[in-house]
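Note that subunit A is present in both complexes that follow, paired respectively with subunit B and with subunit C.
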Partner chain A sequence: MAYREKLAWLTLGAMLIAYAVYFTWLALAMRQGEPTLLGILLPFGLAAGGQGILVAGAGAVLAASARRERQDRADERDRAIARRGATAAYYVLLAGMILVGVVMPFGEPAWRIVNAALLAIVVAEAGRLLLIISSYRRGWHG
Partner chain B sequence: MSNIIYIECYRANMEKSLMAYREKVQWVSLATMLLVWGAYFARLAASLAAGRPIPGETLGGFAGAVVLLVVIQVAAIVAIAIHRPSEAEQPADPREREIERRAGSGAYAVLSLLVVAVMLATPLLTIVAPVALGRPSGTVAAMLVGNALLAALVLAAIVHSLWQILLFRRQS
Partner chain C sequence: MARPPIANQIRTLRFLAGEMTQAELGQRIGMTRQTVAAIEAGKYSPTLEAAFRIAHVFGKPIDEVFQWTGESG
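What follows is the complex of A and B.
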(Lines of atoms letter the chains of each structure in order from A and count residues from 1; the text may use other names and numbers.)
(Lines give C-alpha, C1' and ligand atoms only; values in the text may rest on other atoms or scores of the structure.)
Protein backbone atom coordinates (compact mmCIF):
# COMPACT_ATOMS: atom_id res chain seq x y z
CA MET A 1 0.00 0.00 0.00
CA ALA A 2 1.35 3.46 -0.96
CA TYR A 3 2.46 5.76 1.88
CA ARG A 4 -0.05 8.44 0.85
CA GLU A 5 -2.86 5.88 0.79
CA LYS A 6 -1.98 4.78 4.34
CA LEU A 7 -1.95 8.43 5.41
CA ALA A 8 -5.42 8.94 3.86
CA TRP A 9 -6.75 5.86 5.72
CA LEU A 10 -5.28 7.16 8.97
CA THR A 11 -6.71 10.69 8.55
CA LEU A 12 -10.12 9.29 7.56
CA GLY A 13 -10.25 6.88 10.51
CA ALA A 14 -9.22 9.52 13.06
CA MET A 15 -11.70 12.03 11.68
CA LEU A 16 -14.60 9.58 11.64
CA ILE A 17 -13.91 8.43 15.22
CA ALA A 18 -13.54 12.01 16.58
CA TYR A 19 -16.63 13.44 14.89
CA ALA A 20 -18.79 10.34 15.44
CA VAL A 21 -18.14 10.85 19.18
CA TYR A 22 -18.81 14.60 18.92
CA PHE A 23 -22.06 14.34 16.94
CA THR A 24 -23.32 11.50 19.17
CA TRP A 25 -22.69 13.74 22.19
CA LEU A 26 -24.49 16.60 20.41
CA ALA A 27 -27.52 14.40 19.61
CA LEU A 28 -27.74 13.31 23.27
CA ALA A 29 -27.30 16.92 24.49
CA MET A 30 -30.09 18.09 22.18
CA ARG A 31 -32.52 15.71 23.91
CA GLN A 32 -31.96 17.60 27.15
CA GLY A 33 -32.62 21.02 25.60
CA GLU A 34 -30.90 23.46 23.25
CA PRO A 35 -27.12 23.55 23.77
CA THR A 36 -25.49 26.99 23.78
CA LEU A 37 -22.63 28.02 21.50
CA LEU A 38 -20.23 28.21 24.43
CA GLY A 39 -21.54 24.85 25.73
CA ILE A 40 -20.52 23.04 22.53
CA LEU A 41 -17.08 24.66 22.45
CA LEU A 42 -15.44 22.27 24.96
CA PRO A 43 -16.70 18.99 23.35
CA PHE A 44 -15.73 20.35 19.92
CA GLY A 45 -12.26 21.28 21.22
CA LEU A 46 -11.86 17.78 22.69
CA ALA A 47 -12.95 16.13 19.42
CA ALA A 48 -10.68 18.31 17.24
CA GLY A 49 -7.76 17.96 19.70
CA GLY A 50 -8.26 14.20 19.95
CA GLN A 51 -8.26 13.90 16.17
CA GLY A 52 -5.07 15.97 15.96
CA ILE A 53 -3.29 13.85 18.59
CA LEU A 54 -4.42 10.60 16.94
CA VAL A 55 -3.25 11.71 13.47
CA ALA A 56 0.06 13.08 14.82
CA GLY A 57 0.79 9.96 16.92
CA ALA A 58 -0.18 7.35 14.35
CA GLY A 59 1.35 9.51 11.58
CA ALA A 60 4.69 9.52 13.41
CA VAL A 61 4.60 5.69 13.71
CA LEU A 62 3.67 5.42 10.03
CA ALA A 63 6.46 7.81 9.01
CA ALA A 64 9.03 5.87 11.07
CA SER A 65 8.02 2.56 9.48
CA ALA A 66 8.08 3.96 5.93
CA ARG A 67 10.96 6.47 6.13
CA ARG A 68 12.11 6.10 2.53
CA GLU A 69 8.61 6.38 1.06
CA ARG A 70 7.87 9.41 3.22
CA GLN A 71 10.95 11.20 1.90
CA ASP A 72 9.94 10.55 -1.72
CA ARG A 73 8.36 13.62 -3.25
CA ALA A 74 4.79 13.28 -4.55
CA ASP A 75 4.91 12.21 -8.20
CA GLU A 76 2.55 13.36 -10.97
CA ARG A 77 0.05 10.59 -10.19
CA ASP A 78 0.01 11.43 -6.46
CA ARG A 79 -0.63 15.08 -7.28
CA ALA A 80 -3.38 14.23 -9.80
CA ILE A 81 -5.10 11.99 -7.23
CA ALA A 82 -4.88 14.71 -4.57
CA ARG A 83 -6.38 17.29 -6.97
CA ARG A 84 -9.15 14.88 -8.00
CA GLY A 85 -10.13 14.35 -4.37
CA ALA A 86 -10.02 18.05 -3.53
CA THR A 87 -12.10 19.03 -6.57
CA ALA A 88 -14.85 16.53 -5.69
CA ALA A 89 -14.75 17.73 -2.07
CA TYR A 90 -15.06 21.35 -3.25
CA TYR A 91 -18.40 20.60 -4.92
CA VAL A 92 -19.63 18.65 -1.88
CA LEU A 93 -18.68 21.53 0.44
CA LEU A 94 -20.18 24.06 -1.99
CA ALA A 95 -23.52 22.20 -1.93
CA GLY A 96 -23.33 21.91 1.86
CA MET A 97 -22.60 25.62 2.25
CA ILE A 98 -25.52 26.57 -0.01
CA LEU A 99 -27.77 24.63 2.35
CA VAL A 100 -26.10 25.87 5.53
CA GLY A 101 -25.33 29.47 4.61
CA VAL A 102 -28.30 30.25 2.41
CA VAL A 103 -31.26 28.12 3.57
CA MET A 104 -30.65 27.53 7.29
CA PRO A 105 -30.25 31.17 8.51
CA PHE A 106 -33.97 31.77 7.80
CA GLY A 107 -35.20 29.46 10.52
CA GLU A 108 -32.41 27.85 12.53
CA PRO A 109 -30.45 29.14 15.55
CA ALA A 110 -26.74 29.94 15.22
CA TRP A 111 -25.48 26.81 17.03
CA ARG A 112 -27.32 24.57 14.55
CA ILE A 113 -25.87 26.53 11.59
CA VAL A 114 -22.34 26.16 12.98
CA ASN A 115 -22.74 22.42 13.57
CA ALA A 116 -24.27 21.92 10.12
CA ALA A 117 -21.23 23.76 8.65
CA LEU A 118 -18.94 21.46 10.63
CA LEU A 119 -20.85 18.40 9.37
CA ALA A 120 -20.53 19.68 5.78
CA ILE A 121 -16.74 19.98 6.23
CA VAL A 122 -16.52 16.47 7.73
CA VAL A 123 -18.61 14.99 4.86
CA ALA A 124 -16.54 16.84 2.20
CA GLU A 125 -13.26 15.82 3.82
CA ALA A 126 -14.42 12.18 4.16
CA GLY A 127 -15.40 12.24 0.47
CA ARG A 128 -11.99 13.64 -0.47
CA LEU A 129 -10.13 10.96 1.50
CA LEU A 130 -12.35 8.14 0.20
CA LEU A 131 -11.77 9.28 -3.39
CA ILE A 132 -8.00 9.39 -2.77
CA ILE A 133 -8.10 5.85 -1.30
CA SER A 134 -10.28 4.47 -4.12
CA SER A 135 -8.03 6.15 -6.74
CA TYR A 136 -4.99 4.34 -5.31
CA ARG A 137 -6.95 1.07 -4.93
CA ARG A 138 -8.26 1.15 -8.51
CA GLY A 139 -4.99 2.32 -10.06
CA TRP A 140 -6.37 5.63 -11.35
CA HIS A 141 -3.79 7.49 -13.42
CA GLY A 142 -5.43 10.82 -14.19
CA MET B 1 7.52 32.42 -46.91
CA SER B 2 5.52 29.21 -47.36
CA ASN B 3 5.13 29.00 -43.60
CA ILE B 4 3.63 32.49 -43.45
CA ILE B 5 1.11 31.60 -46.18
CA TYR B 6 0.28 28.41 -44.31
CA ILE B 7 -0.43 30.32 -41.10
CA GLU B 8 -2.61 32.84 -42.91
CA CYS B 9 -4.62 30.05 -44.60
CA TYR B 10 -5.04 28.23 -41.31
CA ARG B 11 -6.43 31.31 -39.56
CA ALA B 12 -8.66 32.23 -42.49
CA ASN B 13 -10.11 28.78 -43.02
CA MET B 14 -10.33 27.37 -39.53
CA GLU B 15 -11.34 30.60 -37.75
CA LYS B 16 -9.60 29.27 -34.68
CA SER B 17 -10.64 31.12 -31.56
CA LEU B 18 -7.87 32.83 -29.57
CA MET B 19 -9.62 32.02 -26.30
CA ALA B 20 -10.94 28.59 -25.29
CA TYR B 21 -14.71 28.26 -24.81
CA ARG B 22 -14.27 27.26 -21.17
CA GLU B 23 -12.03 30.25 -20.54
CA LYS B 24 -14.72 32.58 -21.92
CA VAL B 25 -17.28 30.93 -19.62
CA GLN B 26 -14.98 31.55 -16.65
CA TRP B 27 -14.54 35.22 -17.63
CA VAL B 28 -18.33 35.60 -17.77
CA SER B 29 -18.70 33.81 -14.45
CA LEU B 30 -16.02 35.98 -12.78
CA ALA B 31 -17.33 39.29 -14.13
CA THR B 32 -20.96 38.59 -13.21
CA MET B 33 -20.03 37.37 -9.72
CA LEU B 34 -17.93 40.47 -9.05
CA LEU B 35 -20.71 42.73 -10.34
CA VAL B 36 -23.73 41.12 -8.67
CA TRP B 37 -22.21 40.00 -5.36
CA GLY B 38 -20.15 43.18 -5.15
CA ALA B 39 -23.38 45.23 -5.31
CA TYR B 40 -25.14 42.91 -2.83
CA PHE B 41 -22.37 43.02 -0.21
CA ALA B 42 -21.84 46.79 -0.67
CA ARG B 43 -25.54 47.31 0.10
CA LEU B 44 -25.34 44.98 3.10
CA ALA B 45 -22.22 46.76 4.41
CA ALA B 46 -23.99 50.13 4.03
CA SER B 47 -27.00 48.91 6.05
CA LEU B 48 -24.66 47.50 8.75
CA ALA B 49 -22.64 50.74 8.87
CA ALA B 50 -25.89 52.71 9.27
CA GLY B 51 -26.85 50.37 12.15
CA ARG B 52 -30.09 49.25 10.57
CA PRO B 53 -29.71 45.74 9.13
CA ILE B 54 -33.18 44.48 8.16
CA PRO B 55 -33.24 40.67 7.62
CA GLY B 56 -36.30 40.89 5.32
CA GLU B 57 -34.57 43.42 3.05
CA THR B 58 -31.40 41.32 3.04
CA LEU B 59 -33.41 38.25 2.00
CA GLY B 60 -35.02 40.24 -0.84
CA GLY B 61 -31.62 41.52 -1.94
CA PHE B 62 -30.18 38.02 -1.85
CA ALA B 63 -33.05 36.53 -3.91
CA GLY B 64 -32.72 39.37 -6.43
CA ALA B 65 -28.93 38.84 -6.66
CA VAL B 66 -29.35 35.09 -7.32
CA VAL B 67 -31.99 35.66 -10.04
CA LEU B 68 -29.90 38.41 -11.68
CA LEU B 69 -26.76 36.27 -11.58
CA VAL B 70 -28.50 33.28 -13.16
CA VAL B 71 -30.17 35.39 -15.89
CA ILE B 72 -26.95 37.24 -16.86
CA GLN B 73 -24.79 34.10 -16.79
CA VAL B 74 -27.23 31.97 -18.78
CA ALA B 75 -27.72 34.73 -21.39
CA ALA B 76 -23.96 35.33 -21.74
CA ILE B 77 -23.08 31.61 -21.95
CA VAL B 78 -25.85 30.98 -24.51
CA ALA B 79 -24.51 33.94 -26.56
CA ILE B 80 -20.97 32.49 -26.48
CA ALA B 81 -22.30 29.03 -27.42
CA ILE B 82 -24.28 30.47 -30.36
CA HIS B 83 -21.19 32.38 -31.55
CA ARG B 84 -19.00 29.23 -31.43
CA PRO B 85 -21.38 26.21 -31.43
CA SER B 86 -18.64 23.73 -32.43
CA GLU B 87 -16.52 24.64 -29.37
CA ALA B 88 -19.48 24.58 -26.98
CA GLU B 89 -20.50 21.07 -28.06
CA GLN B 90 -17.04 19.57 -27.53
CA PRO B 91 -16.43 17.75 -24.25
CA ALA B 92 -13.59 19.02 -22.04
CA ASP B 93 -10.19 17.75 -23.21
CA PRO B 94 -7.56 16.37 -20.73
CA ARG B 95 -5.86 19.79 -20.46
CA GLU B 96 -9.15 21.48 -19.59
CA ARG B 97 -10.01 18.76 -17.07
CA GLU B 98 -6.60 19.19 -15.45
CA ILE B 99 -7.12 22.97 -15.23
CA GLU B 100 -10.54 22.40 -13.64
CA ARG B 101 -9.03 19.97 -11.10
CA ARG B 102 -6.21 22.36 -10.16
CA ALA B 103 -8.62 25.25 -9.70
CA GLY B 104 -11.06 23.06 -7.76
CA SER B 105 -8.28 21.98 -5.45
CA GLY B 106 -7.34 25.61 -4.70
CA ALA B 107 -10.97 26.67 -4.25
CA TYR B 108 -11.55 23.79 -1.82
CA ALA B 109 -8.64 24.95 0.36
CA VAL B 110 -9.98 28.53 0.32
CA LEU B 111 -13.57 27.48 1.09
CA SER B 112 -12.53 25.10 3.91
CA LEU B 113 -10.35 27.76 5.57
CA LEU B 114 -13.03 30.44 5.28
CA VAL B 115 -15.78 28.18 6.68
CA VAL B 116 -13.56 27.28 9.66
CA ALA B 117 -12.82 31.01 10.14
CA VAL B 118 -16.55 31.81 10.13
CA MET B 119 -17.19 28.99 12.62
CA LEU B 120 -14.50 30.36 14.94
CA ALA B 121 -15.94 33.87 14.57
CA THR B 122 -19.50 32.71 15.35
CA PRO B 123 -19.52 33.95 18.98
CA LEU B 124 -18.48 37.37 17.66
CA LEU B 125 -21.14 37.30 14.92
CA THR B 126 -23.96 36.04 17.12
CA ILE B 127 -23.30 37.76 20.46
CA VAL B 128 -21.08 40.82 20.03
CA ALA B 129 -22.15 42.11 16.57
CA PRO B 130 -25.97 42.20 17.12
CA VAL B 131 -25.44 44.08 20.42
CA ALA B 132 -23.02 46.51 18.74
CA LEU B 133 -25.63 47.11 16.03
CA GLY B 134 -28.28 47.76 18.66
CA ARG B 135 -30.41 44.82 17.42
CA PRO B 136 -29.65 41.86 19.72
CA SER B 137 -32.09 39.41 18.11
CA GLY B 138 -31.59 35.83 16.99
CA THR B 139 -32.72 36.72 13.45
CA VAL B 140 -29.99 39.36 13.05
CA ALA B 141 -27.40 36.92 14.47
CA ALA B 142 -28.47 34.18 12.01
CA MET B 143 -28.47 36.74 9.16
CA LEU B 144 -24.88 37.72 10.00
CA VAL B 145 -23.68 34.09 10.15
CA GLY B 146 -25.54 33.28 6.92
CA ASN B 147 -24.01 36.24 5.09
CA ALA B 148 -20.52 35.40 6.39
CA LEU B 149 -20.91 31.87 4.98
CA LEU B 150 -22.31 33.30 1.72
CA ALA B 151 -19.25 35.58 1.47
CA ALA B 152 -17.01 32.51 1.95
CA LEU B 153 -18.91 30.72 -0.82
CA VAL B 154 -18.62 33.67 -3.21
CA LEU B 155 -14.90 34.18 -2.49
CA ALA B 156 -14.19 30.50 -3.16
CA ALA B 157 -16.17 30.65 -6.43
CA ILE B 158 -14.19 33.78 -7.46
CA VAL B 159 -10.90 31.99 -6.68
CA HIS B 160 -12.14 28.97 -8.69
CA SER B 161 -12.84 31.09 -11.78
CA LEU B 162 -9.75 33.27 -11.42
CA TRP B 163 -7.47 30.25 -11.00
CA GLN B 164 -8.87 28.63 -14.15
CA ILE B 165 -8.42 31.85 -16.13
CA LEU B 166 -4.80 32.17 -14.95
CA LEU B 167 -4.06 28.56 -15.93
CA PHE B 168 -5.73 28.99 -19.33
CA ARG B 169 -3.73 32.19 -19.92
CA ARG B 170 -0.45 30.63 -18.80
CA GLN B 171 -0.93 27.61 -21.11
CA SER B 172 -2.30 29.52 -24.11
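What follows is the complex of A and C.
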Protein backbone atom coordinates (compact mmCIF):
# COMPACT_ATOMS: atom_id res chain seq x y z
CA MET A 1 0.00 0.00 0.00
CA ALA A 2 1.34 3.41 -0.98
CA TYR A 3 2.41 5.69 1.90
CA ARG A 4 0.00 8.38 0.75
CA GLU A 5 -2.84 5.89 0.74
CA LYS A 6 -2.03 4.86 4.31
CA LEU A 7 -1.94 8.53 5.27
CA ALA A 8 -5.35 9.06 3.66
CA TRP A 9 -6.80 6.09 5.60
CA LEU A 10 -5.38 7.47 8.83
CA THR A 11 -6.68 11.00 8.26
CA LEU A 12 -10.10 9.71 7.24
CA GLY A 13 -10.36 7.37 10.23
CA ALA A 14 -9.32 10.03 12.74
CA MET A 15 -11.71 12.57 11.24
CA LEU A 16 -14.67 10.20 11.16
CA ILE A 17 -14.11 9.11 14.76
CA ALA A 18 -13.69 12.68 16.05
CA TYR A 19 -16.68 14.14 14.24
CA ALA A 20 -18.94 11.14 14.77
CA VAL A 21 -18.44 11.72 18.49
CA TYR A 22 -18.99 15.47 18.11
CA PHE A 23 -22.15 15.25 16.00
CA THR A 24 -23.57 12.50 18.23
CA TRP A 25 -23.03 14.79 21.21
CA LEU A 26 -24.69 17.63 19.27
CA ALA A 27 -27.72 15.50 18.38
CA LEU A 28 -28.14 14.54 22.05
CA ALA A 29 -27.64 18.14 23.19
CA MET A 30 -30.30 19.36 20.76
CA ARG A 31 -32.88 17.19 22.54
CA GLN A 32 -32.40 19.27 25.65
CA GLY A 33 -32.87 22.58 23.90
CA GLU A 34 -30.86 24.76 21.57
CA PRO A 35 -27.15 24.76 22.35
CA THR A 36 -25.35 28.10 22.49
CA LEU A 37 -22.30 28.99 20.45
CA LEU A 38 -20.16 28.98 23.59
CA GLY A 39 -21.71 25.66 24.61
CA ILE A 40 -20.54 23.93 21.44
CA LEU A 41 -17.06 25.40 21.65
CA LEU A 42 -15.69 22.94 24.23
CA PRO A 43 -16.98 19.73 22.56
CA PHE A 44 -15.77 21.02 19.21
CA GLY A 45 -12.36 21.86 20.67
CA LEU A 46 -12.13 18.36 22.16
CA ALA A 47 -13.09 16.74 18.84
CA ALA A 48 -10.66 18.85 16.81
CA GLY A 49 -7.89 18.41 19.39
CA GLY A 50 -8.51 14.68 19.61
CA GLN A 51 -8.36 14.40 15.84
CA GLY A 52 -5.11 16.37 15.77
CA ILE A 53 -3.49 14.21 18.45
CA LEU A 54 -4.66 10.99 16.76
CA VAL A 55 -3.33 12.04 13.35
CA ALA A 56 -0.05 13.32 14.79
CA GLY A 57 0.53 10.21 16.95
CA ALA A 58 -0.46 7.58 14.39
CA GLY A 59 1.19 9.65 11.64
CA ALA A 60 4.49 9.57 13.53
CA VAL A 61 4.25 5.77 13.91
CA LEU A 62 3.39 5.45 10.21
CA ALA A 63 6.27 7.71 9.19
CA ALA A 64 8.71 5.72 11.34
CA SER A 65 7.56 2.40 9.89
CA ALA A 66 7.70 3.60 6.28
CA ARG A 67 10.75 5.86 6.42
CA ARG A 68 11.91 5.19 2.85
CA GLU A 69 8.47 5.54 1.29
CA ARG A 70 7.87 8.76 3.20
CA GLN A 71 10.95 10.27 1.57
CA ASP A 72 9.69 9.46 -1.93
CA ARG A 73 8.50 12.61 -3.63
CA ALA A 74 4.96 12.61 -4.97
CA ASP A 75 5.05 11.45 -8.57
CA GLU A 76 2.61 12.15 -11.42
CA ARG A 77 0.15 9.48 -10.23
CA ASP A 78 0.12 10.84 -6.68
CA ARG A 79 -0.44 14.34 -8.01
CA ALA A 80 -3.19 13.23 -10.42
CA ILE A 81 -4.99 11.39 -7.61
CA ALA A 82 -4.64 14.37 -5.25
CA ARG A 83 -6.03 16.68 -7.94
CA ARG A 84 -8.98 14.39 -8.54
CA GLY A 85 -9.83 14.34 -4.83
CA ALA A 86 -9.47 18.10 -4.44
CA THR A 87 -11.62 18.82 -7.50
CA ALA A 88 -14.48 16.65 -6.26
CA ALA A 89 -14.22 18.08 -2.73
CA TYR A 90 -14.34 21.63 -4.12
CA TYR A 91 -17.84 21.10 -5.52
CA VAL A 92 -19.10 19.49 -2.31
CA LEU A 93 -17.67 22.38 -0.31
CA LEU A 94 -19.09 24.93 -2.76
CA ALA A 95 -22.60 23.47 -2.39
CA GLY A 96 -22.20 23.39 1.40
CA MET A 97 -20.99 26.98 1.57
CA ILE A 98 -23.85 28.21 -0.64
CA LEU A 99 -26.22 26.50 1.76
CA VAL A 100 -24.70 27.89 4.95
CA GLY A 101 -23.69 31.28 3.61
CA VAL A 102 -26.58 32.17 1.33
CA VAL A 103 -29.62 30.11 2.33
CA MET A 104 -29.37 29.40 6.05
CA PRO A 105 -28.76 32.98 7.32
CA PHE A 106 -32.36 33.83 6.37
CA GLY A 107 -33.92 31.65 9.02
CA GLU A 108 -31.50 29.58 11.05
CA PRO A 109 -29.80 30.38 14.35
CA ALA A 110 -26.04 30.90 14.45
CA TRP A 111 -25.17 27.58 16.14
CA ARG A 112 -26.99 25.68 13.40
CA ILE A 113 -25.18 27.60 10.65
CA VAL A 114 -21.82 26.98 12.31
CA ASN A 115 -22.48 23.25 12.59
CA ALA A 116 -23.81 22.99 9.05
CA ALA A 117 -20.59 24.64 7.83
CA LEU A 118 -18.57 22.20 9.91
CA LEU A 119 -20.55 19.27 8.51
CA ALA A 120 -19.98 20.52 4.94
CA ILE A 121 -16.24 20.64 5.60
CA VAL A 122 -16.23 17.15 7.11
CA VAL A 123 -18.29 15.71 4.21
CA ALA A 124 -16.07 17.41 1.60
CA GLU A 125 -12.89 16.21 3.29
CA ALA A 126 -14.24 12.68 3.77
CA GLY A 127 -15.23 12.61 0.09
CA ARG A 128 -11.78 13.80 -0.93
CA LEU A 129 -10.05 11.15 1.15
CA LEU A 130 -12.39 8.37 -0.03
CA LEU A 131 -11.74 9.33 -3.64
CA ILE A 132 -7.98 9.28 -3.02
CA ILE A 133 -8.20 5.86 -1.38
CA SER A 134 -10.39 4.40 -4.11
CA SER A 135 -8.10 5.84 -6.80
CA TYR A 136 -5.11 4.11 -5.24
CA ARG A 137 -7.07 0.89 -4.72
CA ARG A 138 -9.01 0.55 -7.96
CA GLY A 139 -6.82 2.54 -10.29
CA TRP A 140 -7.00 5.94 -11.88
CA HIS A 141 -6.36 6.77 -15.49
CA GLY A 142 -6.31 10.54 -15.29
CA MET B 1 -12.88 1.26 -12.85
CA ALA B 2 -12.69 -0.05 -16.44
CA ARG B 3 -9.18 -0.65 -17.64
CA PRO B 4 -8.01 1.42 -20.59
CA PRO B 5 -7.42 -0.47 -23.85
CA ILE B 6 -3.66 -0.24 -23.44
CA ALA B 7 -1.43 -3.25 -22.85
CA ASN B 8 2.17 -3.03 -21.74
CA GLN B 9 5.22 -5.26 -21.76
CA ILE B 10 6.95 -3.74 -18.76
CA ARG B 11 7.04 -6.99 -16.77
CA THR B 12 8.68 -8.84 -19.67
CA LEU B 13 11.10 -6.01 -20.35
CA ARG B 14 12.10 -5.86 -16.68
CA PHE B 15 12.76 -9.59 -16.79
CA LEU B 16 14.87 -9.23 -19.94
CA ALA B 17 16.77 -6.39 -18.29
CA GLY B 18 18.17 -8.78 -15.70
CA GLU B 19 15.11 -8.92 -13.42
CA MET B 20 15.14 -5.17 -12.88
CA THR B 21 12.97 -4.43 -9.86
CA GLN B 22 9.96 -2.12 -9.92
CA ALA B 23 11.74 0.08 -7.41
CA GLU B 24 14.80 0.34 -9.65
CA LEU B 25 12.70 1.23 -12.69
CA GLY B 26 10.77 3.71 -10.60
CA GLN B 27 13.99 5.32 -9.43
CA ARG B 28 15.23 5.70 -13.00
CA ILE B 29 12.07 7.39 -14.24
CA GLY B 30 11.31 9.41 -11.10
CA MET B 31 8.34 7.41 -9.88
CA THR B 32 7.50 5.38 -6.80
CA ARG B 33 7.55 1.58 -6.84
CA GLN B 34 3.77 1.60 -6.29
CA THR B 35 3.22 3.70 -9.41
CA VAL B 36 5.36 1.37 -11.51
CA ALA B 37 3.32 -1.56 -10.12
CA ALA B 38 0.08 0.27 -10.98
CA ILE B 39 1.25 0.96 -14.56
CA GLU B 40 2.34 -2.64 -14.97
CA ALA B 41 -1.03 -3.90 -13.73
CA GLY B 42 -2.94 -1.53 -16.02
CA LYS B 43 -4.32 0.44 -13.07
CA TYR B 44 -2.73 3.69 -14.11
CA SER B 45 -2.03 5.15 -17.54
CA PRO B 46 1.21 7.13 -17.43
CA THR B 47 1.64 10.47 -19.13
CA LEU B 48 3.25 10.47 -22.55
CA GLU B 49 6.48 11.76 -21.02
CA ALA B 50 6.60 8.95 -18.46
CA ALA B 51 5.83 6.39 -21.17
CA PHE B 52 8.79 7.68 -23.21
CA ARG B 53 11.00 7.59 -20.13
CA ILE B 54 10.08 3.94 -19.52
CA ALA B 55 10.75 3.03 -23.14
CA HIS B 56 14.07 4.90 -22.98
CA VAL B 57 15.18 2.89 -19.92
CA PHE B 58 14.69 -0.35 -21.88
CA GLY B 59 16.11 1.12 -25.10
CA LYS B 60 12.92 0.30 -27.00
CA PRO B 61 10.55 2.38 -29.13
CA ILE B 62 7.41 3.31 -27.21
CA ASP B 63 5.15 0.99 -29.25
CA GLU B 64 7.16 -2.02 -28.11
CA VAL B 65 6.39 -1.10 -24.50
CA PHE B 66 2.78 0.05 -24.81
CA GLN B 67 0.20 -1.25 -27.28
CA TRP B 68 -3.29 0.00 -28.08
CA THR B 69 -5.72 -2.92 -27.76
CA GLY B 70 -8.99 -1.08 -28.45
CA GLU B 71 -10.84 -0.71 -31.71
CA SER B 72 -8.87 1.07 -34.38
CA GLY B 73 -10.06 4.39 -35.79
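Following the convention adopted for this analysis, the second predicted complex is superposed on the first by the 141 of 142 C-alpha atoms of A that agree within 3 Å, B and C clash if a C-alpha of one lies under 4 Å from a C-alpha of the other, contacts with A are read in each partner's own complex, and residues count from 1 in each chain.
As a convention for this text, a contact is a pair of C-beta atoms (placed from the backbone, for glycine too) under 8 Å apart; a residue touches a chain by one contact, two chains touch by 3 or more.
Bear in mind the structure is a predicted one, so any value in this text is a computation, not a measurement.
Trainee: Looking at A:Phe106 after the superposition, I want to know if it touches subunit B, subunit C, both of them or none. Which is it: first, second, both, neither?
Mentor: In the superposition, A:Phe106 contacts subunit B only.
Trainee: For the overlaid complexes, name the partner, subunit B or subunit C, with more touching residues on subunit A.
Mentor: Answer, by number of touched residues of subunit A: B.
Trainee: Counting only touches as set out at the top, which of subunit B and subunit C does A:Leu42 meet: first, second, both, neither?
Mentor: neither
Trainee: Could you look at A:Ala64 and tell me whether it touches subunit B, subunit C, both or neither (first, second, both, neither)?
Mentor: Touch partners of A:Ala64: none, neither subunit B nor subunit C.
Trainee: Using the touch definition from the top, say if A:Ala27 reaches subunit B (first), subunit C (second), both or neither.
Mentor: The answer is neither, since A:Ala27 touches no partner chain.
Trainee: Touching A:Asp72, do we find subunit B (first), subunit C (second), both, or neither?
Mentor: Touch partner of A:Asp72: subunit C, not subunit B.
Trainee: By the touch definition at the top of the document, which applies to A:Arg84: first (subunit B), second (subunit C), both, or neither?
Mentor: First partner only.
Trainee: Starting from the residues of subunit A touching subunit B, keep only those that also touch subunit C in the other complex, and list them.
Mentor: 142
Trainee: How about subunit A: which of its residues touch subunit C in the complex?
Mentor: 1-2, 69, 72-73, 75-78, 136, 138-142
Trainee: Which residues of subunit A touch subunit B in the complex?
Mentor: For subunit A paired with subunit B, touching residues are 37-38, 80, 82-84, 86-91, 93-94, 97-98, 100-102, 104-106, 108-110, 113-114, 117-118, 120-121, 124-125, 128, 142.
Trainee: Taking the complex as given, what residues does subunit B use to touch subunit A?
Mentor: Result: residues 59, 62, 98, 100-102, 104-105, 107-109, 111-112, 115-116, 118-119, 122-123, 125-127, 138, 141-143, 145-150, 152-153, 156-157, 160 of subunit B touch subunit A.
Trainee: Any idea which subunit C residues touch subunit A in the complex?
Mentor: Result: residues 1, 3-4, 30-32, 34-35, 38, 41-47, 50 of subunit C touch subunit A.
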